[in-house]
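Worksheet: the structure to be examined is printed underneath.
Each chain gets a letter, A, B and C, in the order it is written, and its residues are counted from 1.
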Amino acid sequence: MNKEDLQQKITGLLPSASFEEASEWTTVTIDPAAWKDLAGQLRHTDGLDLDYLFCVTCVDWKTHFTMLYHLTSTIHRHTLVVKAKLDRNHPVIATVSDIWRTAEFHEREVYDLFGVSFTGHPDLRRLFMTDDWEGWPLRKDYEDPINMIKL
Amino acid sequence: MLEEISTTEQGDLVVNLGPQHPSTHGVLHLVITLNGETIKKVEPHLGYIHRSIEKMCESLSYRQFIYVTSRMDYLSSHINNHGCALCVEKGLQIEVPPRAKVIRVLMDELTRLASHQLWWGAMAMDVGALTPFFHAFREREAINDIMEETCGARLTMNYMVPGGVMIDLHPNFQRRTKEFIAFFRSKLAEYDELVTDNVIFKSRMEGVGYLSYADAISYGCSGPTARASGVSCDIRKLYPYEVYGDLSFEEPIGTGGDCYARYGVRMQEMRQSLSIIEQLIDNIPEGEFQAKTKAVLKLPKGEFYSRVETARGEFGVYIVSEGGMTPYRIKFRSPGFSNLSALDHMARGHKIGDLVAIMGTLDLVIPDIDR
Amino acid sequence: MDVEQKHTPDQPVPPSATVPPDSPVTPFPGEVHPTAGGGIVLSKLDEVINWARSNSLWPLVFGTSCCAIEMMSTAAAKYDWSRFGFEVARATPRQADVIIIAGTIVNKMAPVLKRLYDQMADPKYVIAMGACATSGGPFFYNTYSVVKGADHVIPVDVYIAGCPPRPEALLHALITLQEKIRSGATREQIKTNQE
């Protein structure tokens, strides 16, 4: 379905969602507390069938974090981008690794690099860095005078 | 290193495969929990080649960051660069001239062939057939020589720029590529004789590592791994870029979902790549090879996502820009990362020899996963 | 070893006199004294041992990233490195002589590299292949996880520049290592001589 229909359907599921106009895909910003329910509905509602989660990432905006989920449907071939604003001092959001199995690794990566906690994740620990690494490397205020040589 | 291994039952044996191991195609550390010889759980431990590329790209300009991606999935280096260049062009609304589009597609398909050749040789070596390795590299050298004449390097070519390609094709390119196509067609028949119909190979590959259609989608698999389970996910067909929309080629979809199906899909992909190159090699349009762009590129404020089909699957580049000279955040969606997450699911109940066969057909390149 | 009969039997002939100047053959070190009924070769034991060791270096299969592909190309048929004695690439460090560090070393991998190096038996040699192993390469600035040069972890004998270096460059480095061993200049040999 096209962008407008998708917007209507999502507003029907979650009235508090807000949309961005100037992007190539339907982009919806939601409250993090509503993510788990919405995710289940996005996956299982007929007509939406967003079964392919192809990108999970986080952006550090210095005042807050934004979690981004890129979803597409292999049946209807429409794409949806979900954004959720997180509090920078206590970034917590529900996991979706039981809905889309690919989220397990992606969420571990976001935890490792940004420090976002995913409640309900089966195995939340560091993925790339060593287990005793201190700090969240991809945050904008990460300082590492020993390892990082600035140009 | 304080590595936590999840709890095991009594009688279980925990074995480390890697990080230094000839079959892991890089530095992949697998912690395997075994019950006798049967695998109960496979845990990949990543990070042994995590080079903090995403952080590094936040301080590189839009022209510079493209070439770091060559080093990520080094077997599809042109295709990775292509994805980055497409994202920058999307942000700046640059129109690429037709000649550059065709050159880019030709280079992409040659790279895909080279990557599949190396995959074939290395995978056969993993399951025990040592000779195909040398056959594969002999043909790969032919492609490397063609690339080297035009681009100047054999492995990390640094050829794509936002707006086109860096330099025009070498005059010998057309002739040598045509010779290569004829040469390689005959070799593909040889590959089938050597490996595909081999009884031992088939018994090692058939029925091993089954991935169902629903699981392939849920785990986010893409590329030949997903196509062998029946998922139609070729970016070149679904979201055509450059001239792929005008070409006629098939997307090989397998039905088995096991290692042999993944193998068959890649062999068919090699044939399709040859057919794409044949369609284009005589029809390269004249004209500019690079669009005129400013010296210093600054993307407008916003977010841009572009995707290409590498030899392993969907490679996505997501740029968040604040209007400056360097990107604010870059995320590379690598195909191997999602393909690897399905490894545990596929390998349970098999033996370690089967695990090596499964990893061979997943075609993992670990720097692509670790970034 | 053929010896030309143009000289008097008393004067020794170095084997290199019978070998053309640009031949790739490395002659057996020592002097040949032709005597009645055959010949005697006089040499230093150290030189003979170094010659034997240099011609049979077995590399360890250790490639982390892109340089590993060029290393595999060097092992393949076109730029065959087994012509120089590097025939068998061993998977276990206990049986290997030389470790070719092909690729970037990161903080998580450094203890693994050190452990592999420690597991190798003496005499062992190290080649740092590519810009990443030499100095951190393209990942020198603004990275928090890359070791800026493999020689922070283990001592290196030969460095190769390039990203990735061509197979011919790797072959040149292998030959340089062989010459270094023959002349007794590797870290290993200097350490042994000092003890």
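Following the convention adopted for this analysis, contacts are C-beta pairs under 8 Å (C-beta built on N, C-alpha and C of every residue); 3 or more make two chains touch, one makes a residue touch a chain.
All figures in this text were calculated on a predicted structure; none of them were measured in a lab.
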Chain pair with the higher count of C-beta pairs in contact (A-B, A-C): A-B
Chain closest to the assembly centre - both centres taken as Cα means: B
Subunit B and subunit C, separation of their C-alpha mean positions in angstrom: 33
Length of the line joining the C-alpha centres of subunit A and subunit C, rounded to whole Å: 50
Subunit A-subunit B separation of Cα centroids, rounded to whole Å: 25
Multi-chain contact residues (two or more partners), subunit C: 108, 141-146
Two or more partner chains touched - positions in subunit A: 128-130, 137, 151
Subunit B: positions in contact with at least two other chains: 1, 47, 50, 52, 55, 59
Touching residues (chain side subunit A, partner subunit C) in the complex: 128-130, 137, 142, 144, 147-151
Subunit A to subunit B touching residues, read off their complex: 22-25, 51-55, 57, 59-60, 68, 70, 74, 77, 100-102, 104-106, 109, 113, 123, 125-132, 137-138, 151
Residues on subunit B engaged by subunit C in the complex (per definition of touch): 1, 19-22, 26-27, 47-53, 55-56, 58-59, 67-68, 70-71, 74-75, 118, 133-134, 137-138, 140-141, 144, 154-156, 366-367
Subunit B residues touching subunit A - in the complex, by the definition given at the top: 1-4, 6, 46-47, 50, 52, 54-55, 59, 215, 217-220, 222, 231-233, 238, 302-303, 305, 314, 316, 318, 320, 328-329, 331, 333, 337-338, 340-342, 345, 370
Complex interface listing, subunit C residues touching subunit B: 61-66, 68-70, 72-73, 76-78, 91, 103-104, 106, 108-109, 111-112, 116, 138-139, 141-146, 163-164, 166
